[in-house]
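Inspection log for the structure reproduced underneath, given as C-alpha cells.
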Amino acid sequence: MWRDAVLVAGKDLRIEARSRVGLWQVVPFAVLVLILVSFAIGPDTGPLRHAAPGIFWIAVLFSTVLSIQRSVAIESGEGTRDGLRLSGIDPAGIFLGKAAAVALQLLILQIVLWAGVTFLFDVRVHVIWLAVLASLLATVGLACAGVLYGALSSGLRVRDTLLPLLVLPVLAPVLLAGSKAWQASLSGNAGSGTEWLRILIPFAVIYLVIGIVLYGPLQEAT
Amino acid sequence: MTTDTIPRAAAGPSRPRWLSIVGILGVIALGFTVWLGLWITPPDQVQGNLARLLYIHPPIATVALYWAGGVAAASSLLYLWPRTRSLFWDRLAASAVEVGAVFSALTLVTGSLWGRPAWGVWWTWDARLTSTALLLLLELGYMALRRVPADAAIRARRCAVAALLVAVDVPIVHFSVDWWQTLHQGGTVLDPGFHLHVHGSMAWTFLLGFIAFSLLFVWLLGVRYQVEVLQDEVGDQELDVSLAERWSEGTELVGVGADTSGAPDGGGT
Amino acid sequence: MAPVVQFRAAVALAGRFPALAGVDLSLQTGEVVVVVGANGAGKTSLLRACAGLLPVTSGVAEVLGIDLTKNHTAVRRHVGLLGHAAPLYDELSSVENVRFAVRALGLPVADADAALERLGLVGRLRNTPTGRLSAGQRRRVALAALVARRPALWLLDEPHAGLDAASRTLLGDLIHEAVTDGAAVLLSSHEPELSVPLSDRVVVMSGGRTSSEQPGGRRHPLSAVPAADSPADRATMGEWHVA
C-alpha cells in the first residue's frame, strides 16, 4: 500500500510539475481570493487584521476545491480511468498517493498565502508552532476529504458543479477550526488555539481512515 | 454490480395498510396538537402566545436531526455491509435524507419565525442554527448526487458512501459550532431541559406534538419509499424491453448474415 | 487444463442497457480468438467484461480461474487491455508512462525499457510527452506497457486501428510471441483480412450475443506448411475478403 502510494503521489506530482496548473492557476486564484475579500471588507486595517485568519482559510478552502478538481481531471482521461483500475495498484494506495500529492500542493500554497497575508494585512504570527500544526492537520483533513469527494464525483458529467456543493459544507469545520487556531496564534494566545486542534485531529484521522477503507468501493461506483 | 443483486421489493406497488393507518393517525395527532396548542393551552408567562411554537418546533427538529439522520446513516451502513446489502436499505436511506431535508428546512423556518419576535432577528449565529443550516446543505448535496443518473447498484453504493461521509461530519460540525458559539456568546435559548418547566396541558400538547411529527415522519418515509420502488419498477420494465430489443437486434443481423460485419456501421445501437 | 476464459450465457449491463445479452465463449491457453461483429454488437463490452471492468450480472463468467460474477476486480492485474483510448498521462513521456505501468505491478523497470525498445520507441519518441504523439504512436506506447506487464490474457480492441504497416507486422509478431509464451489473446476487429490470419478461431457477435464460430487462419505452430502456400489459409482469407 505504501509503495503504491509513493508511486501514485510521485506520478501526480510529476504531472503537476509538468503542467504547472497549480503554480499558474491555483496559486494566483488563492491570492485573488485574498484581495477580493479584502475589497469586500474595506481598506481599514483594523477589521482586515481581525479577519485575516478567516480570509486565509477561505482562500485555502476554495483552492482545495480547485486542486481536487485538477487531481480528478488527471485520472478522468478516457483511457487513464480504466488504466488506473487495471494497473493492479491497491485502491488504498491510490487514495493515499493522491491525497499526499494534493496535501503537498496545499502546503506550498499555504506558505505563499502566509506571505500574502503578512504582506497585505500586516499581521504577524506569534505562536508559530500552533499555526504550523493547525495548517498541517487541516491540510491532511482537507486533502483526504477532498480526494474522497473527488472520487465520488469523478466520472460524472456534472462533477465540476457538483463537487463544490458536496465538499464545501463538509469542510466547514476545518475552516472554522483553522481560522480560530490561526487567530489564536496571531494574537499570541496559544491556550484557546489548542482547543481547536481537537477538531482538526479527529477530522483528519476520520477521513484518512475512511478513505483507506472506502476508496476501493468508491472506485467501482463511478 | 456482481455482488449487488437487485432484489424485487418485498412491498408491492400497492401501499401497505399499516402505512395508511400511520398517516391517518399522524394527521389526527397533528390536528389535536394544533387545536390544543392554539386554543386550549394557556399563553406562556414569559413569552406569551409566542411559546405556542414550542409544540411544533422542537418535535420537528428532533425528527430532522435524530430520526431522519439515524435512519439514513444506519441504512447506508447496512447497504455497504455485504451481508445485508439490499436495495431496500438504499431506498430507505434516500427517503430518509429527503424527508429529513424537508424537516430540516421546517426546523429553520419555524426557528426563525420564533427568533424574529423573541430575539429581534430572523437569524443569529447560534450553534444549533448554524449546524442545522449546514446539515440542510449536506442533505441537499446528497440529493443532488442522487439525481445523477446511473445504474441502480452503482448509484446506491455511491450514495451510501456519501451518506456515511456526511454522517461522520455531522458530529464534527456540531461540536465545532458549539465551541465556536460558547467561545463567543452565552447559552442557547433552546435549553434541552426547557420542557421540564412546562406543566399540565402544555406538557401534554408538547408530548402529542412529538408523537404527531414522528408518525408523520414514518408515513412520509414510507410513501417516499414507495415512490422509489415504483421508479425502479418503471426502470426494470424498461430493462426487459431493452433486453428484448437487444436480442431482436441480434437476430436481424444474423438473418442478414455475419459477413456484413465489415460492412458500414448502422447495425448497432 | 482449465480454460483461460469461460463464458456461458453471460449477461452484463452498462447502466440499464444489456451490453452483453448472453455470451458463450471459451478460450484456451495459447489460443488467439478474434471477435467480429457490427458496431454496437458488444465486442468492446466483451473485452471489458473479461478485463473485470464491466461486471457480469448473470451466467457463468470465469477468467483465469476467477469468477467474475462474484469478484470482478481480482482479475485486473493479470490481464492487459488495449482499448480505443490509450491509458496514458499526456504530460508524461513514453518511458515514464510505461515505467509507471510496470512498477504498479512491482516489476523491474528494465522490463519497461526492453518493451519500449521492442516497440521501436527509442530516441525522441521515448522522451516526448505522450500528449504530443500521434494516435498511432500513442497506441504503440500503450502496447509497450501491455507487453512489459506480461499479462496472461491479452485483450486487444481493434488493435490494428491507427497503426502503420510496419507496426501491424510487429503486432502480429507480438501476438505470436505471447501465445507461444503461454498467454491467450482475445481481439476484436473490423478488419478481418488483418486479424483472421492471426487467429485460431473467429467468433461472430451481434446484438450482445455470440452467434457463430468459424475457424481462423493462424498457422498452427506444429504445422510445417508455410502459411502463404497453404490452400486452407488461402481459402479462409479469400472467404473473409468477401466481407
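The first chain written gets the first letter, and so on, giving A, B and C; residue counts start at 1 in each chain.
We adopt the following convention: a residue touches a chain if its C-beta (ideal position, glycine included) is under 8 Å from a C-beta of that chain, and two chains touch if they have at least 3 such contacts.
Just so we're clear, the structure is a prediction, and the values are computed from it rather than from any experiment.
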Far-end chain from chain C, centres as C-alpha averages: B
Chain nearest the global centroid, as defined over all protein CA atoms shown: A
Distance between the centres, which are taken as Cα means, of chain C and chain B, whole angstrom: 47
Averaged-CA centre spacing for the pair chain C and chain A, given as whole angstrom: 40
Centre-of-Cα separation between chain B and chain A, whole angstrom: 30
Contacts with two or more other chains, residues of chain A listed in rising order: 220
In chain B, residues with contacts to at least two other chains: none
Of all residues in chain B, those that touch chain A in their complex: 80, 134, 137-138, 140-141, 144-145, 148, 154-155, 157-158, 161-162, 164-166, 168-169, 172-173, 175-177, 179-180, 183
Contact set on chain C toward chain A in their complex: 48, 51-53, 73, 76-77, 79-81, 83-92, 96, 100-101, 103-106, 129, 142
Residue ranges of chain A touching chain B (in the complex, touch as defined): 145, 148-149, 152-153, 156, 158, 162, 165-166, 169-170, 172-173, 176-177, 180, 192, 195-196, 199, 202-203, 206-207, 210, 214, 217-218, 220-222
Residues of chain C touching chain B in the complex: 13-18, 21-22, 36-41, 55-57, 68-72, 190-192, 204, 206-209, 211-212, 242-243
Chain A residues touching chain C - in the complex, by the definition given at the top: 3-4, 7, 11, 14-15, 18-19, 74, 77-80, 82-89, 216, 220
